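In order of appearance the chains are A, B and C, and numbering begins at 1 in each one.
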Amino acid sequence: MASFIKARDVSLVFKSKDRQPVTALSNFSLDIAHGEFVSIVGPSGCGKSSFLNILLGLIRPGNGEIHLNGTRITGPGQERAMVFQEFGLLPWRTVTANVELGLELKGIAPAQRAERATELIKLVGLTGFESHYPHELSGGMKQRVGLARALATEPEVLLMDEPFAALDAQTRDLMQMELLQIWERTKKTVLFVTHSIEEAAYLSDRVIVMTARPGRTKDILKIDLPRPRDYEMRLTPEFNDLKLHIWEVLKEELTSRG
Amino acid sequence: MAAREYFTEHRRLWLGLCSFFFLVAAWELVLTYIVPVNPFFFTKPSLIADAFKEQIQSAKLWHDLAVSSQAFLWGFSFAVIVGIPVGLVMGWRRRVEYSLDPFLTALYASPLVALAPLFIIVFGVGVLGKAALVFLLAVFPFVFNAFAGVKSTDSLLINVIRSFGGREKDLYLKVILPSTMPYIIAGARLAIGRGLVGIIVGEFYAASEGIGFAILQAGDTYRLPDMFVGIIILSLIAVGLTELMRKLELMVAPWRASDEAR
Amino acid sequence: MKLKNFYTEHESFILGTGFIVFLLILWESIPLWYTLPKGMALFFTTPSDIAAAFHRLLLNGELEKHFYVSAIAFLAGLGLSIVVGLPLGLVMGRSATLDALLDPYVTASNATPRIVFLPLLILWFGIGIWSKIAIVFVGAVFPLLINTYVGVKNVNQVLVNVVRSFGASEWQLMKIVVLPNSVPYIIAGLRLAIGRAILGVVVGEFFGSSQGLGYMIASAATNYKVDVVFVGVAIFMALSVILTLAVKQLESRLASWRPETAKTF
């Protein structure tokens, strides 16, 4: 497998003022192919968000390095964009202005920005809400804006940090389906962090299970279910076997810490 | 190594102290060696320190402080006694709220200190005039904070108490009082600041004793070190009382921690 | 029946204005049912006397003259405090070092009633406009500085990360996240600062001026012209209320992106 994203021995220690240093990641390695959809599951606090932030270029690892398409990551870049669990929408900007954020920082002219924003707002199904403010939107709609904003700059890699965790169950199911459709259409490489085993199994080509803190790769499971996948697939015995398998791997980590 | 780690951990504190000592040293050195100090216009830390030592030992300073404190305490106590009940009633009775709110809000927003000359003339330059001014300025934070405290009481909590068979008394003791107390103490913090303004302005305006008068008189006779001593002492009192209120706020409402910066 | 509906719909307005009207009538009527002793009559005035005094001062141009002087000191001092307090608050919020270096002075100055500096400022700047501007400035600058600082500190870290992840520079971060986030705080600071500035004008003119509304009040009080005192007080009250309402207006104008419940704080 030719790896598009290649992480080698990434370690990260948080030194904080009045507490012990926290080792968030220790020798974490991973390879992701171009166009692949990979999920990470792991106990909370094992360093998943930290890893995504390193990949995004917001924090520097203490040790190890990450390469994207052969180039070492040293800071934020256009080829990567993140969808945040807390949405991260600027509350004083309308939907359109939020979607335009990345384009604006890239220095794209207003007319082109607006055109591209309209396109993406349509893609995520928010046409008609262009001039709404975030507080006027439901959780699901907010995350659609977050997704549109991330896609607007045409990144090659989409990083998603528990993007649907704050949504209710039905909205979540709907968003998962739409994400798959968009992924199949745009062929992005996706790294998706989630707490939900079901979500990981349903969306991914591979699921990485991490150990408890300090986070390391515990196991990598290939999900050989046919695509395109639909909701009914989630009711099949094969799917349930997969879930059970992931759960068994994960369970040891959840209980090892008490 | 250990020292270095200690420094990085308490960096903020050390930087603050360094900045303070650096400023004092620079002030002293500049006025000693570079620009000769014009004693009618400016002064320097060593002279202030001398004046401070002298004043602490003199009976006059303590007398002035006692005079000012007396007026402050009278005014402040009446502000508590009047302000809190009015605020509570406003919070409980909708019609009282409707009637009093615009009137009191307008007064609260106004620089009532403008009434100082009148108060001093009507009530005299002694304790009464100053206490009346302190009362006038300090009463509103108590009114409005007690009011806001009652209003902020979570109606869900009231229902919870009711659902467990709680009586009126329980409502007051277990819900309304605990949620109103922090507001009242925050109000007291504001009231202290406003009350001090009352004392100072009152004593600037017309007095023959008191800390405000001492500052003014030092200025009038160009005794700058004494004036700085007065300002520093008042500043220490103000900082001390404000900090005390913050501590008290944390004590009665540890669950609120410091989520409010203002 | 209709009347009752009208009442319940406008109850707060009717009770609020009713109470004020009631107080005014009560005040006006005191001389009708109570003969004041000689000593007290000297300090007594009625709303109608105050209105008459207002009319008189307006016609002879005295009010305009004093108002103009006070307004200049107010605007200059407040303007200066915005120009200094706002950038300083922003920088202190973003730089931990500068914050640590300046914090002792800011905290101590903020807790101290700034009015104690008046004799010192009069000594330095003399009687007149400059000492007034100075006292207005030291009164108004800290609420602005501190509120701006708190606004910067309270910026949501997720938003900072979002904007950074798109490769924003520190300057862009300031413009896109930090400053807009601070706007409500700055406006709350402005509201406080206006109150402090008016206080500075009043007290500054009591002592350090021979003109202005504060001076008018002080000199009227010395001459037992109680009606003129109240004219001055009423003008300051009206200005404070109007400015407070104007800032509230500005607040809701600038904060259309916020849910209704969060608008006041």
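Basically, contacts are C-beta pairs under 8 Å (C-beta built on N, C-alpha and C of every residue); 3 or more make two chains touch, one makes a residue touch a chain.
All figures in this text were calculated on a predicted structure; none of them were measured in a lab.
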item	value
Chain pair showing more contacts of the two, A-C and B-C	B-C
Chain whose Cα centroid lies at the greatest distance from that of subunit C	A
Centre-of-Cα separation between subunit B and subunit A, whole angstrom	51
Where subunit A and subunit C are represented by their mean Cα positions, the distance between them in whole Å	49
Distance between the centres, which are taken as Cα means, of subunit C and subunit B, whole angstrom	18
Complex contacts: residues of subunit A adjacent to subunit C	53, 56-58, 75-78, 80-82, 84, 86, 88, 90-93, 101-102, 105-106, 133-135, 153
Residues of subunit C touching subunit A in the complex	156, 158-159, 161-168, 172, 176-177, 180, 183, 256-259
Residues of subunit B defined as touching subunit C within the complex	11-13, 15-20, 41, 95, 98-103, 106-107, 109-118, 120-122, 193, 196-197, 200-201, 204-205, 212, 215-216, 218-220, 222, 224, 227, 230-231, 234-235, 238-239, 242, 261-262
Touching residues on subunit C, where the partner in the complex is subunit B	11-12, 15-20, 23, 43, 96-97, 99-104, 107-108, 111-113, 115-120, 122-124, 146-147, 150, 153-154, 188, 195, 198-199, 202-203, 206-207, 214, 217-218, 220-222, 224, 226, 229, 232-233, 236-237, 240-241, 244
